[in-house]
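The structure appears right after this line, and notes come after that.
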Amino acid sequence: MKEGTERKLIIDGKRLDGRGFEELRPIKIEIGVLKRADGSCYLEVGDNKVIAAVYGPREMHPRHAQDAKMAVIKYRYNMAPFSVDDRKRPGPDRRSVEISKVSREAFDPVIMKEYYPKMAIEVYVEMLQSDAGTRTAGINAASVALADAGIPMTDLVSSIAVGKIDGEVVLDLTGVEDNNGEADMPIAMIARTNTITALQMDGHLTKEEFKRGLKLAMGACHQIYELQRAALIERYSKSEGREEKKRD
Amino acid sequence: MKEGTERKLIIDGKRLDGRGFEELRPIKIEIGVLKRADGSCYLEVGDNKVIAAVYGPREMHPRHAQDAKMAVIKYRYNMAPFSVDDRKRPGPDRRSVEISKVSREAFDPVIMKEYYPKMAIEVYVEMLQSDAGTRTAGINAASVALADAGIPMTDLVSSIAVGKIDGEVVLDLTGVEDNNGEADMPIAMIARTNTITALQMDGHLTKEEFKRGLKLAMGACHQIYELQRAALIERYSKSEGREEKKRD
Amino acid sequence: MKEGTERKLIIDGKRLDGRGFEELRPIKIEIGVLKRADGSCYLEVGDNKVIAAVYGPREMHPRHAQDAKMAVIKYRYNMAPFSVDDRKRPGPDRRSVEISKVSREAFDPVIMKEYYPKMAIEVYVEMLQSDAGTRTAGINAASVALADAGIPMTDLVSSIAVGKIDGEVVLDLTGVEDNNGEADMPIAMIARTNTITALQMDGHLTKEEFKRGLKLAMGACHQIYELQRAALIERYSKSEGREEKKRD
Amino acid sequence: MGLEIIADIRKDYVCNLVRGGKREEGRGFREYREISVERDIIKRAEGSARVKIGDTEVLVGVKVELGEPFSDTPDKGVIITNAELVPLASPEFESGPPNENSVQLARVVDRGIRESKAIDLEKLCIEEGEKVWIVFIDVHVLDNDGNLVDAAALGAIAALLDIRIPNERYGLTGENTLPMRDTPVAVTMAEVEGNILVDPNFNEENAATSRLTVISNADGSLSGMQKSGSGGLKEEEVVEMVEIGIEKAREIREKYLSPL
Amino acid sequence: MGLEIIADIRKDYVCNLVRGGKREEGRGFREYREISVERDIIKRAEGSARVKIGDTEVLVGVKVELGEPFSDTPDKGVIITNAELVPLASPEFESGPPNENSVQLARVVDRGIRESKAIDLEKLCIEEGEKVWIVFIDVHVLDNDGNLVDAAALGAIAALLDIRIPNERYGLTGENTLPMRDTPVAVTMAEVEGNILVDPNFNEENAATSRLTVISNADGSLSGMQKSGSGGLKEEEVVEMVEIGIEKAREIREKYLSPL
Amino acid sequence: MGLEIIADIRKDYVCNLVRGGKREEGRGFREYREISVERDIIKRAEGSARVKIGDTEVLVGVKVELGEPFSDTPDKGVIITNAELVPLASPEFESGPPNENSVQLARVVDRGIRESKAIDLEKLCIEEGEKVWIVFIDVHVLDNDGNLVDAAALGAIAALLDIRIPNERYGLTGENTLPMRDTPVAVTMAEVEGNILVDPNFNEENAATSRLTVISNADGSLSGMQKSGSGGLKEEEVVEMVEIGIEKAREIREKYLSPL
């Protein structure tokens, strides 16, 4: 969060991109977009473009990292070098290491790891174009890709951030808002049970703003959950024939 | 290949070092120069000085990289820090990684890998002094070192580059020619069967120049093959007594 | 060792900190300061503050580095980033790699490695504040931590450096003396048997100065040995009750 | 294998205690272990603090050096926070480059300092775009008995309280002190068997399904939060944890960060 | 182990098809899979292209930043080509630093751009010896069904066609466009059972004894070649491959790189 | 496993010989293997030497480049010594970053050159605080039959004897020669079965309990020492080794480093 809030981010009660305070950016979801991966999902949220792929369950390497009781989840969040304004050097940095950990833990409560002892379930998320909210976009895409790969889960995970700009608690910050705003709080949630599986915050929020933001984000996760479900249902009904063919 | 060809590389039909267009630089080959290696070869081509050592067949590490059906060939091309004008930082760079791969593949068709499942055959090539044509010099030295190590091969591999300078297709570029020339095309070949096992090109060649260059390089590989054979025969006849001793 | 000896390090027969030539800096030893480690020791020598921890014998990782006949000793000397005037980048550098090797070898003759085939005995030494003589301080702390961990040893190892300042051979250099002095010679010794287990020297010493310095250092190791013993005896008598409790 | 069995036994032990309303060491669910903060203990550092929370021990050293600003903040100093989980501190820690745990530790500590605006970065600018002070906050963990985050965050702000700007070393003049503008305090809670435990020790961390760190400022506002662990939390739990976190932070601030 | 058996079965299947004069997907030996090229799809990049060849998919982004020239070419801009074989794209790819396959991919793509002199590097010089434009070509593989080289090389030149020099971002004035001087196209062929197959898919690559990539320019001249794989090639095969490569490149150039 | 058995047999063999007052190759305990030093053999280097001691072979190249001084010695040139134990030289060596053996080798060689003040670093300063010559001493081991330290140290000082300062390459004028001020020589001894063996070969190194390297200057003074290995040494042994080391260094210096 930058200190300078000189830039007006709210004009006439609307945000710079015309959205209301509690409005999501447009979301687009495509499923099964990759051939080689076991499951995949391409997702756009506003100007974010992200693709997620899932491999597994398959043998865990290296062996000494296997867990005899359950599958190990690997989660790799990665930014393409050209996805940001200043070219990002390829390879993991501290930020992506932290995001990968937090994102992996967001899926821990839903993936039925105990079905696959000694195996690995691998989730790869590539940010192709970024505009704030990449980790939540990645989680949303990964959730659908896991379902597409047929990984047994108790439910989908849905994710969104709330933030504070010009003193107002608003939903789903853009890059401009994030850079000039006062706070950012991404969460991930199992919508059906209202269980929060990821939560981070940085910036400045009063206790009341926090509570308001949390409610707002949880509500938005329900919206995203419906979009994820709808995309899966559409995909499932379309691909029945394909699935049949595969089974032969 | 640099753009500037202002520097005249051909004067009165001769190259700067007095060679004709289709003439190799002088080559010197010494075999069995290292004690600890299973096979070794020191080779000079013009101002290039290269030493190759072979270890194996021996146990492949790490184990998960073993091949149950055949030996794995490792090939490491490395430049000594003082072998070039600007000191080279020790350790592999992208150029040496690519050269190592291409060189290893040049030996794939001749080494009888299936004799040694799960084993490694390791080839190490150190450039001590360089003046263009180091990868081909390395392959020539490695070929002899493999023979010296007694690795079963269907045949030797011989290697040379052709290039274009001042618009002419010529054999075996020097550093000055390479830096100011228009194209460079290294090849490796099994001379006895005229089988090309490595081929790279960069710069600018018309299709006709390419064909001419390929023929020229293939012809030169035959010359090099004879030099390699002659060195091995000389070594073999000299060292008979030594071999006898070893067998005790 | 710097060249400039313009700075007077000896004034009126005394060193800048008031010590005589053959005088140690004050030493403070605390044992069992860490909960998680199997043995530990906090040690101060003058302005050096060092902490050593011992883990093991425990399973050696990676497995291929196990020794079927005896335990492997690991020794890691590390400087905290804030322990020196210019912040040290975290992680091992060439200096700490060399010191770790020399320090490990200082313990090789006393640790009964053959009792624990395939196991690792791990010694970790962290320099929290440094003022010359860190490797010897580390060895002294590690020695006590090994005893605290109950690792079987034939004896303790004691360590100190001698040096040359303003042309005089003196004991136990401070940072100022080391930076402006002419020579530094750290040794480690099994005091009971007068066996030298580590020895390094850099700077300028005549043969006679070397002999004098060696004798001086060996004598000081006896003093340090008594301090180490005294600290262990005190600890042992105090902790009898605690040990009883542990045994339940 | 043996180690895993012991880990399971410890986990069961902790869970049983908690179900009976108890904790190891006889603590209450909302109670910290004994805390001690020693400041200014490393001569070579421009600021330092050793924090103990029970058997957990962390040493934080702050070095201040001259360097270049980031190109997008040419008029501001730089904070670089690093955490070393050296193998001395815990049988679980290994030598090597930072892993996800040390990265997360460093980043959460950094977040509190940075987002609370505790350091006035503009005062660290000497020449815009050219020369600024770089504040290196190095967290050196010495003994890991759980809740490293709170110890590291407390050590960091405590070390910063006495920070000396080393103008002389670089031949500069100017103020040598850097008054802190805020004192963010991190409070970590774990959920074990549906109960919220403040300041989980090592065994409790392993028995917990999830943890939440709440970083709050002197005025009771929030500057950072981080959930970790493989479990989920309900809205009301999170809200309760935030309330507890703010309250506990106030207590710690008053007791250990008084000079502000 | 199971995977190796499947790999062998697939190899046999491909070889059998080829011996019968056929290929998977019913293609002819000299036929590419369907190609699609979408340009300018990444806002943050100064040039970008998504190329699909059959199921193989590659995204190439070009970033242009200000930097220093190499000391031996003080009056020229710099091209840096990098390829990431991210594990998302293939079960064979692993996380970690570039291995020999990604290094080779990047270097072959780089060679085509560089040796064809497609980019006028002198136009990228702003201040000799001090400031030049650095062109980062990043190849991001998304789906690996074989023949990554041709897809990456096509993506690179397509992305460069629309390149915008970001003068404004650095407070500079000057031309924002950079006309390409050539359009090198890579065509890769595999030898399977003595036959030359253009554009090998993943299974064909594994069944092939060797591959040859031929990079040619708009005038039909060659700017790069690379053989890979463990087999050998005869002179007449190489010559035939070069002829095919030049011809196929011409077709691709006309169809997908028209604006030049 | 087989390798370890062979190593044990060799060790026993060496120990038996030594107990009988003998060494491999019929050498005396105080005798070096045959030494050869060839100088100025690498054109691209500003100084070079190939040293053989028996079958041990080391190539040392010295490169001199322009660079910045260290901030604490602004008026002095820089020496950087590096040793590569390339896998070509020994079945025990592995590819990869420097390990403790190559680090120690480089640092001991460096210590001799640096502490003897053989190079007048002030003569390597061109512009205080800005531009100095950096002397890279690269030790490239070609064949490891033991006692790499002595071979590397001898190669380093021999290579430095002919060093040419490449003023022309950087458009500078000035002296191109750099007279050495001293000729430090390293002599390594091993203790095997209670005996001191000068210049241990590979088998003797493995049979030795400890080794001591003694580096001495032209005037017989010491500039460096390093014990290695897992055994202990008595005071009288160390003193004897130092006496031997100084004497042997004198012989080597006279025979192989004459031009000074």
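Per-chain numbering from 1; labels A, B, C, D, E and F assigned in written order.
To be clear about the criterion, a residue touches a chain if its C-beta (ideal position, glycine included) is under 8 Å from a C-beta of that chain, and two chains touch if they have at least 3 such contacts.
Source: prediction; values computed, not measured.
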item	value
Of all other chains, the one whose Cα centre sits farthest from chain A	F
Taking each chain's C-alpha mean as its centre, the one farthest from chain E	C
Chain A and chain B: spacing of chain centres that average the CA atoms, whole Å	51
Geometric centre distance via CA averages, chain F-chain B, whole Å	31
Length of the line joining the C-alpha centres of chain A and chain F, rounded to whole Å	57
Junction residues of chain F, two or more chains touched	none
For chain C, residues contacting two or more additional chains	none
List of chain E residues in touch with chain A within their complex	42-45, 48, 55, 57, 59, 61-63, 65, 82, 84, 86-91, 95, 97, 136, 138, 140, 142-145, 202
Chain A residues within the chain E interface of the complex	34-37, 47, 49, 51-53, 55, 58, 76, 78, 80-87, 90-91, 122, 124-126, 128-130
Of chain C, residues touching chain F in the complex	1, 3, 94-95, 97-98, 100-102, 105, 108-109, 185, 190, 193-207, 210-211, 214-215, 218
In the complex, chain F residues that touch chain C	98-100, 103-104, 106-107, 111, 114-117, 212, 217, 220-235, 238-239, 242-243, 246
